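After this come two complexes, each holding chain A, first together with chain B and then together with chain C.
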Partner chain A sequence: MYDRTFPENAVTAQDIKIEAKGVNVHYGDTHAIKDVSVDIQDKTVTAFIGPSGCGKSTFLRCFNRMNDTIDSARVTGDIRIDGEDIYDKRVDPVQLRAKVGMVFQKPNPFPKSIYDNVAYGPKIHGLAHTRADLDDIVEKALRRGAIWDEVKDRLQAPGTGLSGGQQQRLCIARAIATEPEVLLMDEPCSALDPIATGQVEELIDELRRDYSVVIVTHSMQQAARVSQKTAFFHLGNLVEYGDTDEIFTNPQDPKTESYITGRIG
Partner chain B sequence: MPFYWTLATILGLAALGFFLGRHRAVASVGGERRKLHSLRKYYGINVAMKTLTPALGLLVVWLIAQPVIVEWRVSDLVAGTDVADTRVQTLVMVDVRRVANGLDTAVAAGVLSEADAASLTADSGTIRDTLGDAGVALGSDVSAPVLAAAQRYRTLSARADLTRTVAVLAVALLGLGWSLRETDGDFRARNVVEQGVRGLLIGAACIAILTTLGIVLSLVFNTIEFFRIYPASEFFFSTTWSPSFGGGSQLGILPLLWGTMYISLIALAVAVPIGLLAAIYLSEYASKRVRSVAKPALEILAGIPTIVYGLFALLTVGPMLMKVFGDGGLGWMQAGTAVMTAGLVMGIMLIPFVSSLSDDIINAVPQAMRDGSYGLGATQSETIRHVIIPAALPGIVGAILLAASRAIGETMIVVLGAGAAARISGNPFEAMTTVTAKIVSQLTGDADFSSPEALVAFALGMTLFVLTLGLNVLALYIVRRFREQYE
Partner chain C sequence: MTDATAAAALAPKKSIITVDDRTQKRNAAEKRFRAYGIAAIAAGMVFLVVLLGSILLNGVTAFQQTFIQVPVYLDPAKVDKEGNRDPEEMAKVSTFGYKPLLIEAMAELVTERGIETEIAPGDMDALFSSSAVAQLRDRVLANPDLVGETVSFNILAASRVDGYLKDRVSRDSVARDKNIDAGHLDIVDALRAEGDVVKRFNWDFILGSDASESRPEQAGMGVAMLGSFFMMLVVLGLSLPIGVAASIYLEEFAPQNRLTDVIEVNISNLAAVPSIVFGILGLAVFIQFMEFPQSAPLVGGLVLTLMTLPTIIISTRAALKSVPPSIRDAALGVGASKMQSVFHHVLPLAMPGILTGTIIGLAQALGETAPLLLIGMVGYIATNYPDGISSGFLDPNSAMPAQIYEWAKRADPAYYERAWGGIIILLVFLFAMNAIAILLRRKFERRW
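Then we have the complex of A and B:
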């Protein structure tokens, strides 16, 4: 961390967790994200909506530099978390990803036991010094992931043996276990049935108390249900960004209106 | 008509059938092709297929059966003379065939007339010279019964050849006629051709399976034969291997098995770490460009014939090891051919095998696993150690087992690199030998094929077969279980 806080915007800096300015992403010759600027607030659920291929997932993956793992991807622009430029040379992307957790579209538990799945992050980052510490972290994470009661009797069972919804909550618990500040979710419910979706959505609402959550979703109902802020992307552009209620009841841009009423998409 | 002409004729008939069938189909609907059930060509293929298949089938069966039947009909002529048992009779039959072929050649060369060949008698004593003039060399003078048998062999064969030609052509014509008759616009030629394709594929699969079965059965029968003349307990539990072709051999498999295991173990100790690490580099770290060059380059190693590896062991690795461990160096090694030499070279041979299979298996681990790990802030090597390798482990174990079964079956490297001494010893710088190398040396001598010294090769082969089959089955079982996890 290095000190770059200016006294005049110290107040807003507390509210704004992620600050993105003029972000462009290229995949080889494809221009996937075109000059997008967005301020994401702390302790808020922000939803990215838009038709398939509009770049919302790509943009999400800029926040924890997951695009670095793709050879052809090139990210330019300025993204700051808590005022710190995450694309600065001094930032280690590996450390960053511990601070910015991510949950993926398809539940992807490791082929290990439930316990080891959750303990994976804390072990790597040395968050626990004793076995009891680790047990404690795992239990806390599973409780926060709203799955503790279902798995407490079979922590040594393989994580891949759980149902889809349970797997996804396990993955959320796994992400929480490294004590991140921001939680990124890339269509976390698209592989789940309605009941599991309901449980995960409830959990997301819970998580808002401690984290800044950014969720990419295909379902406008989901965005309306869980988020406070919504950003609408179209063909790599950020079309509109504002309070969720505003966007859904009184969209400013005709494209946003067409999308949420189902005319494009 | 000679055989090739028969074949050419039925092929010609089939080609003719193709065009006739096509034409007839179109004609049957008055030239309006859209009224045909199938495309025009299917009618042609149907006719060609029905002309060719039964005729070819008959030809093949006939070719296999004819010599057997002819020999059986001839055998009573030579029976009772010098026929002691079936084995000798086979030898006499070879003579009969050779004389018969000689007469054929002589007639073809114009040295003998057809009538002379049939009326020739053994008394004239000139058969050998006459045939010699025609360029047929006979080892000894021809005895009267053999000559008579050869003459009957010729007559019977000639008659059978003629009958065969007639029968095959008749079947081909019948097929042609019948299939042309059924050809009309409503005939579902397309479906029939589909059946034909199916039959072709089943045939190919059957040939492959039956051949395997034949090989296994021949192994089994010869092994049983061996155990009839040599005690099985001696074979499996004796620690001495000293075949002597004069009799009184000791044929214990244990020294050979020990050599096999020892060399394979060293080979795996070389191949598994190097191959696995290379696979991890290629699949996880290498850029696309490096990968596109390095992977094929590594796989070239797999294309090198094992005899070349053997030469490498004999001429390069052996002397190199001698420099370090031999008399001039540490003094552990007496000669360049040793377990270590063969093991190292075999290990090099197995590297591409292990790396290529492991690479495929590591690539099959879903990207989601990697993303999940990176997303939690793991580095690349942490991801590989904690997520990728555990996920791919069953597959990697399978790959190693497959490599092991190749190491066990490897021959040439051992023959050239490991020496020929069958012994049980812990020193890897001593010469030892393996099951495969001994199979080669048991069968490449002048040994009588009914002696235990030669038959032991089959028992060795059978043991090896059971061993590698077991390893392969185990490997495939493990690999398959791994696949189910992600599909």
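Then we have the complex of A and C:
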């Protein structure tokens, strides 16, 4: 399982896109993320792995302030994207989310046509001035989402009528249609079969050329296949963070080793 | 491991062909439970059939009314003394001037058909409704050229005559009745055989206005229907926007704190408050304090709005809650603002539920009587239809359920039939509204 790697899967030193320092998240009385610091590199796939409930999704949702929608969640610490503090009072989370796209665990297309699903983001952000512009953006996004060929003849069909894997790629196309700089993926393949998973993984690797991708996954094989950097979380702590090859072949922390060899989690 | 195998070895082998005691008991319990359920449903159905059956049996006759076909000579000497056919001058002749015409015409019809009777020609007025005279006068004033000719009129028969044809009035009961004699009934029988007395569908029952206690044959639902209509306009115009806005705020925007909890609990409680309480509140606030006109559909609508709001808020919130949170996440994830996510995605998906709730709320309000009694919306409106939008909202009026209540209170048994008929009309509206709710639900429902 570990041997399916992608050809350009070599890590090169790159700029830091997201800089998180001393991040703590509380849900009411629960301390979900404990003093986590991570630097996410640009044009890299970074995987967050760890057992269920370890806080990796929570941490991911800090990057586009989705935790703001949960009343009881409190985020402290410092998260900077391109050097700008995203929890600054002047930051409008709506603007931030246009810059940091997100793909969710369960494919969640809007119950509208495929075209409208992709066009919605560009429309509300005013990225297209004419209908032709919009058509262009939609086509480009669907091509980048590797789903264009399958849906180009039925753009007006409902997005919810697609298969699970197609829906998830549609959601990815929808996320990249707003031209984000960072793409967050919260277990994007957990609801997909192995074939669809393979397609989405290929797509993720493809997206690495333009975006900084952060992916939360339950599957260590997936982390090993698609990511260049891996962070291992356990009980709200960041246990180990480093190059994926290193983490999987030569983990420094005994907890990481137990997890990737299947003894905990 | 070893313990388990030992226990298995000790237990006697059981056949699954024979049913053991426990299973038998379980099956019996299941059968009993099913029988209870079927019995409960059957009982419900029986009640429903009895209810609908009795309403239909008692009320359907109200839609038919007895008319007498009689040729009337419009004597110019009586209806147009000046002889120049000027409607304004002719209007000076009141219904008293027309009554002799009808009485004469009736007497003539009786002689013409060769009916022998001891009833004096002057007592013929017991056969037709006193409203018939007014109708005759209206016809003549609307068309003065008829004067001097003999015109065949279809006049409304008296309620006793109508009751006789509908088996409500019998010869026994007539013996104790001052309004009509057995001799009149003989005439009716004879005229009926000639085809001069007929029962016909009565549009005036649906479209007409209420009538005085002594002429039930003339009473109709029309004005009360308009009162209900204007009231429903007020209810719809106020409760839908207020209810939906309140639900959206509570469901999507309000912070989860004690204040929100208190509001939520109180909205649920309001839904259970007896409607008469809203009536007395409306009386105190809208009429006594704000001095809105009494008996006006505007006030009735305001009171019913208060009553309908909790229903609409509760059903709208349920509809909003049923929209999967993943849709909200998806919208926020592509950078929609909270409001955009609600108005572009959540609200359209919740629409069928909201519409259904609203229509059910309206249907409830349409059938509500108690609060209307308290604010005086049982106006006796005999002739005056509201003649415009503002008078529709502000002039005293009645409402359908209040009208039914009024009729049910009246002494004349003819009104009993009318009350049942009114219930049929009200039920038709309620069924129609529920059907619309179902249709809208089907039309707007989306699958995902």
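Note that in this section the second predicted complex is superposed on the first by the 251 of 265 C-alpha atoms of A that agree within 3 Å, B and C clash if a C-alpha of one lies under 4 Å from a C-alpha of the other, contacts with A are read in each partner's own complex, and residues count from 1 in each chain.
Keep this in mind: a residue touches a chain if its C-beta (ideal position, glycine included) is under 8 Å from a C-beta of that chain, and two chains touch if they have at least 3 such contacts.
Every value quoted in this text rests on a predicted model; they were computed, and no experiment measured them.
Undergrad: Could you check whether chain B and chain C clash or fit when both are placed on chain A?
TA: clash
Undergrad: In the overlaid three-chain picture, which partner chain does A:111 touch, first (chain B) or second (chain C), both, or neither?
TA: After superposing on A, A:111 lies in contact with both chain B and chain C.
Undergrad: Counting clashing C-alpha atoms after the superposition, which of 96-104, 186-194 or 294-302 on chain C is the one that bumps into chain B?
TA: With the two structures superposed, the offending stretch of chain C is 294-302.
Undergrad: Which parts of chain A are touched by chain B and by chain C alike?
TA: Shared contact residues on chain A (touching chain B in one complex, chain C in the other): 64, 66, 69, 71, 94-95, 97-98, 101-104, 106, 108-111, 120-121, 124-125, 160, 171, 174-175, 178.
Undergrad: Which residues of chain A touch chain B in the complex?
TA: 64, 66, 69, 71, 94-99, 101-104, 106, 108-112, 120-121, 124-125, 160, 171, 174-175, 178
Undergrad: What residues on chain B touch chain A, complex-wise?
TA: On the chain B side, the touching residues are 287-288, 366, 368-379, 382, 386-387, 390-391, 485.
Undergrad: Which positions of chain A touch chain C when the two form their complex?
TA: 64, 66, 69, 71-72, 94-95, 97-98, 101-104, 106, 108-111, 120-121, 124-125, 158, 160, 171, 174-175, 177-178
Undergrad: In their complex, what parts of chain C are in touch with chain A?
TA: Touch list, chain C to chain A: 255-256, 324, 326-337, 340, 344-345, 349, 446-448.
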